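Next come two complexes built around subunit A: one with subunit B, the other with subunit C.
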Partner chain A sequence: MKDPKISNIQIRAILVSTIIGIGILSLPNQLATAMDKDGWIPIVLSGLLIIPMIIIINKIFEANPGKDFFMIGNETLGKFFFTIILIIYLTYYIAVCSYISRLLGELIKGFLLPETPIQLIVFLFILSSSYVAVSEINIIARVSYLIYPIVIGFGVLLFLVSLPGSDFTNILPVFQSDLSQLPEGMKVALFSFAGFEVLFFTIPFVEDNRRMTKTSISAIVIVTGLYLVLFLVTLTQFSIQQIKSDPFPLLMIAKLIDLPGFFLQNLDGLVMSIWVAVIFSTFTPLYYSSGKILSKLFKTKTHAIFILILVPVIYFIALRPKSIVELNTLMSSVVNYLSGVVVLIVPIILFVVGRIRGRNKQ
Partner chain B sequence: MLKNISKNIAANIQYIKEEFKGSDDLIIRNIEVGDILPIKLAVVFIDGLINSEYVAEYVIGSLLSEEELKSFTVEGYKTTILESIKEHGLYSTEIKDESQWEPIIDAILSGDTVLLIDNSPTGIIIGTRGGPGRSVGEPQTETVIRGPRDGFTETLKHNTTMVRRRIRDTRLNVRMHKVGRRSKTSVAVLYIDDIADEKLVNEVIKRIEDVDIDAILDSSMLENLIEDNYLSPFPQIENTERPDAVSASLYEGRVALLVDNSPFALLVPATIGTLMQSSEDYYTRWIEASLVRIFRIIGSFLIFLPGPLYVALTAYHPGLLPTKLIYFLAASRINVPFPAIIEAFLMETTMELIREAGTRISGPIGTTIGIVGGLIIGQAAVEAGIVSPLMIIIIAVSTIATFVLPSYDFSAGFRIVKFGFYILAGFLGLYGITIGMILLMGHFAKLNSFGIPYSSPYSGLGIDEGDIKDTLVKAPIQRLWLRPGFTHPKNIQRMRRDKKK
Partner chain C sequence: MKKTILILLILTLIFTTACWDMIELEDRLLPYTVAIDLSREDTEEADEKELFICFSYPNINALGKNPTQEDLTYIINSNADSIFEATSEISSRVHNPVFLKHLNVVVMSEEVFSNEKYVRQVLDGLKRDFIINKMIHLLVTKESAHELLLKKLESKRQETIEGLLSTLLLNEQKSTSFTPIRLNEFIQYMDHQRVAIVPLAIPEPEIALEGGGLFKDYEFIGYIEKEDNRNIAILTNKSNNEDIDIEYDGSKISLQLLEIKAKKKLVKNQEVLTIKYNVEMDAQIHQYIIDPSKKIDSTKVLDDIEKKASEVLKEDFATTLEKLQGELNADTLGILEYLYKFHPKIYKEVEGDWDSIFPYINIDLDVKVNIRRRGLSEY
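For the complex of A and B:
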């Protein structure tokens, strides 16, 4: 009972709900800006690129059974290098958490509470997340599983309610865009998959390791599918110019929906408030991970104290940028570059170095 | 306190009298048997706790009339007087030797009769428990349209019997424990040996043994003492008055606790899934049961959401409502002098008062309170323009919803949470409600019931075993092949799985 355990289905839920978060609201806009109507290409390509990464992470843990991320890192890279990597991770997580909470604050202020100070909105969000983040990973897995149906159901619902007014010819023609824009699109799409590295902190607690690779790949497939559907739904609803000019096209769809006899109108506010729960399920695992890293760096038994220390830290960093423009230019670029390191480079290094060391031993 | 009883009967009687501080309901009946060498005996019991006819006829009566004892001499027989009495002198069914004071005193206090014999360092405890008790009747709180109508009583023996009758299996284990230093209340731990998880059983027994309190008056006190998180508004142990519900839970691999003097059995572990189940679900057809289950889940949200949503929508986001509804709302609220949150608190307070008054007073006055509260106050408040009619409707719906959940404590938890939601909605509108929902979900995820996640099966445990089939809906009984997975049963197969289907 003491050792936290996570089941396979919970892993899938953690992965899906960590990856899907605030990014999806603006994803169609960013993809359309980069690739026009061919925004779906980077989504599919990123999905295909992430799957090998997932396999690599799983292989790392298979090669070191019974060990957690910190033990493996220390053993393969040595204490010094691994501490540097941990600090990079920590910076990345704190930056992402600050970015998410600020963006959430701006969205809530914009869509729901124009007169409430953003400080209160951001602070309350971080605080309520800390309530869950102080617990162990199994609790976070349960929360993710509770929110998982909202994530999936929401995508399906948005698709269904937008069906009556959709124009499928909007999706066509395909392959019209300039392929030199592909790297730009890939950057956007890859970042929207960030969050799967949470596997590093969850795999050691899985009950049944054998099905792990399959489960995590299925999670990526679900995410890719959802991204694709939502991007195409946006295309069927608006012209490409509209998508490019609105930073949050998914909320715009919700605003447009007006089914006859429907109780509520202007669903954007309602969608936004429900989406807070989805963002919460992205935020909490990252928050938890940063607390765990700090507790390993300072060699404490629990990470709870660091979660509480991080509340003001994230809060102040989040409120640092003066406007949403500054937030997007400054922080998102930092986050984007760090995510490249965290998401792609570190797993590969760990895998390759681990392989070489393993060979040398034999 | 002395440890062993002495050989001298006078000293023993003296000791018992001292132990009971001369209490007047302690009765010591001195008798003598034997013609040649009379032997002094003392029958000790507490007035009222025993079945007095039984004691008169089968204890004292049998001792005095038995021919063998009359002519008893030490020389004439190989056996002692103790053996002789046990073999020939008592017509009682339940007897036990005891030479130590502590169990003897306990037995007297529990309503058994103790027979002390001169020149013997051993007394006999005779099972004669009786005294006043309610007979088996229909449960007061969990009535069913169709299904068994017997409910637990305050007598532990009746209660274990009612369960035993439903589980004619040698593997049903009834473990007795004593809780309470002074009250020495019997607590029976029931489980089916080859189904219930050992870890769970051991945990339950450990927690019961750890309880240190002077008295337990009802199972709810034990519940509070052994539950995982006593600060939570939600109960982590289920209670029921129905022996069929207890038996069904035992077959699911759960553990039941029966407490003497309490008609409510405790069931562990409890999860959100089990707290939404009612025994009636298993006695009606599955479609209806499924429908009721879904409405119950909707009902649990209706307890705490409509009021705060009303506050949030009218105060912060009227734009979210359809135009016609805004006009209607504005028209109905035009005379209301308070902000929505005050209006809501006013009505919620009134509602809680009516509820409390109605629960404490039964019968005709209770009905009057209902009429005065519901009709007159509601009608007058609307006409006076203190609250809007929509508010009254909302309060009424959420009050009705509190009675939809089978577990009173569980719905009380939602009722408590509602006030938090009001405050959040009053300050932060819809965002506040979402924050409340996040915290509630987090709380559910953090809660455990005896090491089992409280939020099961919705948080993942038991999904693979198909627990959703018997929580979110109620599948036909033919489809419930497996026992629920959340209890980690040792034997998961409930019925043979029909391959043809």
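For the complex of A and C:
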């Protein structure tokens, strides 16, 4: 089989559309709860913090040209430790996938299809994603590239339609919050950037390695910008107490749209359906990665079979939580902690250990 | 591999061709007004339920080219504890499912809205529901809300298809006697300035919206007149077009006020918290008198009229302010919100006991009317 290749633009698309996903709807709510109106500070800081991580990941691959994530891991950490890390990754991916599909099911049931059983919505979503996830990374990159404009358009659309009703003085006052809350805000904001570790699975297939760092940093800048704009848009629409009490402020903005004379109202249906595409593009790379990890663990040639095996696994885990409250407390805290390991700790370990080993060899 | 995908596709088809949620538009009841009263005693199960809820919905059979029925709207009601219980309660009497997405107006009677608990409950229901429109208009009425809807049916002149109350509340007529308020705005006001005015519907002699009910922390505290509502609307930049008549030189001058802009500013280094209001507006003369001795041809005359108009308006505003600071003690002007946004340090000092501070703050008014046009006649 010919080696699949991905272009740099596709890398940017895959990064942006993987990072922007489930978190975006509730991000303003969580940031406001932590930091009040200064929730934009954690967004900017996290963006700045993620950039060195991206550079680190790129450096890891630069130091080991022509090798993929699994080879590098095996070589630097040894088989045993790396297998443990892979299992952590796998747990994380399965947990995130289940979380995403359940939340998607809950929201679609609430807003669009009140009579349809949630089991069916979740199952169909996983099934249709598996259709893409069985393919190789270049196909997934192409799908992401296709959905990329929708992701950006989602933000722009929300911004534009909410303009007539915005009160920009609502952004004031700034710098009034308690800075001791910053760690809490950073936790939330950092988690909203989770998903960039998909670079581990994509960088080895990039056509032009030299521009890779620049491309991935530009993706992070785009995401930071979009998060920032959407947070400020939310502020212009609601009082801070409202944002704190509303679990999905961005969907509420869609409900508030009222262009003159009954022309446009209740855009939540439209926004929801766009959002499904956004979620789809988050879901498939993660799903693909978990299939890839399983295929490495069991040393099979293709990962497709594991994607199909994972359908029922994700489905049952997704339907485990009793209520949306349990989903948001229990499951999201599991996902949060694992993401800390996956997103921050593993790349740093790989980088540092790789460096030390490299020096010893010399 | 191909086979697996094929099987997947076929399976998908089987699952997606059935539709749980398909309901044709004409198979739905789409209420646009809901009236909420206390439960009626003359009906059964009244003592168990707290509220009497009444929906009005358009009758689709009366619309279109060949209507089979005459009444444009129907009203259906039920005793229930919430709007949602009411929809299931009436489902035994209607032939179509009730769909609340296009609910546009909620009217509460005095008995209901003067009870803080009911207000909080009803608004929470509207806010929490996935389906209900969050831009729903709020309305209060002194008498029974149910009778307001009945009255609406009688009035032929005011009949509109999408509902009289919702069309009035769209306020395309730019009335300043009332200021429409939506659910989202109401909640935002409660958070920002703690006070909100909900327009008041008057059923006699025909349905009118005049003045409003004043709510403070979801608690009803009193009514305001339509004149006060106008002044508040001007001072909070909600009105852009207003007509006034003033007495000048022995006859009436009719002025149309345009481009009304009110700005508030904190005056620093004062003993008492002082807010300065700058209200500036353009004006156009509508009517004066045919009398060669009363020409409007010099800037001096215009200045004079401007001064007179400013005085009249200033006096009007002052009376309203007196009421707000006095008996009502309600900061509808959003001074607290202004301090919160622009002077956070002062806000932190006064926020705790704003109720005891607001009646004693100084509000300086500065009204300026600029007459730009005099119409097509010199005298």
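One rule holds for everything that comes next: the second predicted complex is superposed on the first by the 357 of 362 C-alpha atoms of A that agree within 3 Å, B and C clash if a C-alpha of one lies under 4 Å from a C-alpha of the other, contacts with A are read in each partner's own complex, and residues count from 1 in each chain.
Convention: a contact is a pair of C-beta atoms (placed from the backbone, for glycine too) under 8 Å apart; a residue touches a chain by one contact, two chains touch by 3 or more.
Only a predicted model underlies this, so the values are computations on that prediction, with no experimental measurement involved.
Using the contact criterion defined above for the overlaid structures, shared-chain residue A:Ile9 touches subunit B, although it does not reach subunit C. Judged by the touch definition given at the top, the superposed model places A:Ala304 against subunit C, while subunit B stays out of reach.
Of the two partner chains, subunit C is the only one touched by A:Ser239; subunit B is not. With both structures placed on the common chain, the touch criterion links A:Thr116 to subunit B and to subunit C. By the document's definition of touching, both partners, subunit B and subunit C, reach A:Asn266.
In the superposed pair of complexes, A:Lys255 makes contact with subunit C only, with no contact to subunit B.
In the superposed pair of complexes, A:Pro173 makes contact with subunit C only, with no contact to subunit B.
In the superposition on chain A, contact is made by A:Leu124 with both subunit B and subunit C.
In the superposition on chain A, A:Ile139 makes contact with subunit B only, while subunit C stays out of contact range.
Residues 112-113, 116, 120, 124, 128, 131, 262, 265-266 of subunit A contact both subunit B in one complex and subunit C in the other.
Of all residues in subunit B, those touching subunit A in their complex are 199, 203, 316-317, 319-323, 325, 428-431, 433-435, 437-439, 441-446, 451, 453, 455, 458-461, 463-464. Touching subunit B in their complex are the following residues of subunit A: 1, 7, 9-10, 13, 108, 112-113, 116, 120-121, 124-125, 128-129, 131-132, 135, 138-143, 145-147, 262-267, 269-270, 273-274, 276-277, 280. Touching subunit A in their complex are the following residues of subunit C: 1, 4-5, 8, 11-12, 15-16, 20-21, 101, 130-131, 133-135, 162, 170, 172, 184, 187-188, 191-192, 340-342, 344. Of all residues in subunit A, only 110-117, 120, 123-124, 127-128, 130-131, 134, 169-170, 172-173, 176, 238-242, 252, 255-256, 258, 261-262, 265-266, 304, 308 touch subunit C in the complex they form.
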